[in-house]
Amino acid sequence: MKKQIKSIVEINENSLSRYFSLFIQALILISIVTFSMETIPDLEPQTRSILRAVEIFCVIVFTIEYLLRIYVADSKLKFIFSVFGIIDFLAILPFYLSFGVDLRSLRALRFLRLFRIFKLVRYNRAMNQFTKAIKMAKEQILLFFFITLILIYFSAVGIYYFENEVQPDHFSSIFDSLWWAIITLTTVGYGDVYPITVGGKVFTFFILMIGLGIVAIPTGIISSALTNSVDSKDQE
Amino acid sequence: MKKQIKSIVEINENSLSRYFSLFIQALILISIVTFSMETIPDLEPQTRSILRAVEIFCVIVFTIEYLLRIYVADSKLKFIFSVFGIIDFLAILPFYLSFGVDLRSLRALRFLRLFRIFKLVRYNRAMNQFTKAIKMAKEQILLFFFITLILIYFSAVGIYYFENEVQPDHFSSIFDSLWWAIITLTTVGYGDVYPITVGGKVFTFFILMIGLGIVAIPTGIISSALTNSVDSKDQE
Amino acid sequence: MKKQIKSIVEINENSLSRYFSLFIQALILISIVTFSMETIPDLEPQTRSILRAVEIFCVIVFTIEYLLRIYVADSKLKFIFSVFGIIDFLAILPFYLSFGVDLRSLRALRFLRLFRIFKLVRYNRAMNQFTKAIKMAKEQILLFFFITLILIYFSAVGIYYFENEVQPDHFSSIFDSLWWAIITLTTVGYGDVYPITVGGKVFTFFILMIGLGIVAIPTGIISSALTNSVDSKDQE
Amino acid sequence: MKKQIKSIVEINENSLSRYFSLFIQALILISIVTFSMETIPDLEPQTRSILRAVEIFCVIVFTIEYLLRIYVADSKLKFIFSVFGIIDFLAILPFYLSFGVDLRSLRALRFLRLFRIFKLVRYNRAMNQFTKAIKMAKEQILLFFFITLILIYFSAVGIYYFENEVQPDHFSSIFDSLWWAIITLTTVGYGDVYPITVGGKVFTFFILMIGLGIVAIPTGIISSALTNSVDSKDQE
């Protein structure tokens, strides 16, 4: 009996297990859509009660699935405190705590479970290669992150001195200038704050010239790591 | 007779075939330009009738070309249901159905035919290498696409909680927030919606730091795949 | 005599030639700055006459330099119709034709001459490698350019159908929509035109998902070509 | 005695030295935060005096640290005129000169000191590889920077001729157009200035098509250099 449930709940090559996992994934998608729809203002009461019913159904199924997974796990404690075990728990917890909506968005985390399937079925090689590349580039990525933070802070301090007097509303303090620095260096450029003084514009030019280089670095790092991870695999 | 037409209509090294294909390509361009011009409001009736005449001429030529291609095809059914056969059919269908403008934009698809020429004449190696690189990176690109979707959804949920109360017009539901998430993570940044709360701005900072990395990944993947596809070719 | 002038005017290792080329380069810079300054509105008459004097001085020196270069050239005709010969001629032509400002901006082209120096002195290897990489990737870059054009046209047609009715001012024709498509797919995102309908936003999402990939491709191509050009150099 | 202080102040494997360096780093962070907070307008006098006290404490500690570092240095002059020696001096100088806030932002430069630790402890390999990659690509990066400057100048001249008459406020001179050129070519796109004429829009299209390629080049260079620096390391 337990063995049979295990063969369905856990990932296997048999068709029942595949249907079960497809059913759960469909339910995750439905639960995410209903969660998103509940945030629409001025919903009709009827729609709201339908969404609520779908919500209850999802949570019940997820709860049964969670209990089944604990039941069939070789080591129950190990499953409960594993990443997927915690995600499964957090996905149903908010409903029972009647916390309302706050934590329900965590249900999206359940989507991460799909990775487990990918890992087994198809994305095995891609994931391995990717993890390897990230691991190889870990130190460089940290270094880049640190350099980016320093660059953003310096940009914020610089633009503050140039623009504070002319635009006291938009560049009222260094914290406000940080917002400008982030939006500019990532090249998002909403256009809510921008320099208007000549000094500020020249300063922005130099910051962007360096910033473009900074944006180029992580791409180079990951690309280089991926190339090398494939190369080293080839040599095995 | 059939053999002679075949040598003109299908791609060959003789000059007649080259002139024919250049003529068709020029007509595709003209037909795209007239199609675009018809959408200009307040056109003079004279201009409109000229455009209409050009349109009719193009469709007649395309129809003759389509029929000739069927006539010379070794296997008529195979050509009709091939990608280029369907494109050729869809390019003339809307005119005969008097559907008006809706499907005529599909004529642009005929441009894809140029690839066939590229493939034979010049772009053979580039296309092969590129297809190989895409095929090699298929799993990784799918994986990245999936991660991007999850990231966009999380960003939308996060910004909704931060900005909904302060800007109920711009972040009225998670679906509205999704628009912000897409425009921000792709660094387009129109500036129609942006966070104004401190929490929303700090959240945007973290999302962008991760987002920059996500944008860097497909570049790394394709670049890595291209490098490797060339490497493996060198070793042959 | 001619030999001595030649050793100064053309690039050589002796110090006189180096001073001469530095002097010309400084004059190019000055001439670009004065050209830019003349466009400032409401200049005082005194400033304007100074700028005019600098302008005349620059043109006289450039003319003497041009004549000297013809004088010392081994083949006079070959120099006159070479790229640098034409640039040198166009840089002084507008002044003599009294065309005013229109063509004077071409003087910036003279800066290209610096490349000649780079080639000899320092940037020899970098330029060679770069030219090699571009040559290797030429077909792929053309292919990418072609795909980008098709993608931009399709985006413009798509957004036209979604937004034309709601925003007839911003998306009045496919030509207007092309502007939106370019600004969005390059992730510039000025914010002067953006979709407001749900359909237009969803369409933008898909276009951007593909667009990000398109932006990633040339980077991958150039990066791959550079890596391979270095690799093949190493094996020599 | 001197030897003991040296073992604490300079980077070593013993725990006292580690605590000392953590303490200094924490103080740098605190000093940056207080410096940023002081720029917030309308602070209460009480808050301001607390910030002032923290500031004085930080400067005293930094001064003692600076003097200790001179004391324990093998060659005092060499330390004073080293990069870190000058940074340490500049970090405390503004306070004593009562210059006020202007130079205090330089304290952030002290963060660069962290690199020294990274170099020794963890980021040794990453930094080495990175420095090597930058050194290899130095000529190419300079070349790209030069091409970018020429491209930006040309874009500014071009857009000036297209937009000056229609938008004399936004494109009043070539210097104003330069601002547009920088913001557009880096794809920031604030939306404060953008072309509105058909000519200006078509010109922007061509500039962006080339600009995308330019942005792609440094990424390719760094990525290529990183790949090669790893490759050459592997072969050792």
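So that you can tell them apart, the chains are marked A, B, C and D in the order they are listed, and the count of residues begins at 1 in each.
Assume a residue touches a chain if its C-beta (ideal position, glycine included) is under 8 Å from a C-beta of that chain, and two chains touch if they have at least 3 such contacts.
Please read these numbers as outputs of a predicted model, since none were measured by experiment.
Taking the definition of touch as given, a chain qualifies here only if it contacts chain A and chain B alike; those chains are C, D. At the interface between chain A and chain D, under half of the residue numbers appear on both sides, which makes the contact a different-residue one.
Separating the centre of chain C from that of chain D, both taken as means of CA atoms, is a distance of 28 Å.
With centres defined as mean CA coordinates, chain C is found 40 Å away from chain A.
In chain C, the residues that touch at least two other chains are 175, 187-191, 219-220, 223, 227, 231. Across the complex, chain D meets chain B through its residues 187, 189-191, 219-220, 223, 227.
Those residues of chain D that touch chain A in the complex are listed here as 32, 35-37, 39-41, 102, 105, 108, 111-112, 114, 118, 122-123, 125-127, 129-130, 133, 141, 145, 148, 178-179, 182-183, 186-192, 215, 218-219, 222-223, 225-227, 230-231. Within the complex, the chain B residues that touch chain A are 139-140, 142-143, 146, 150, 153-154, 157, 160-161, 164, 168, 172-175, 184, 187-191, 194, 201, 204-205, 208-209, 211-213, 216-217, 219-221, 223-224, 227-228, 231.
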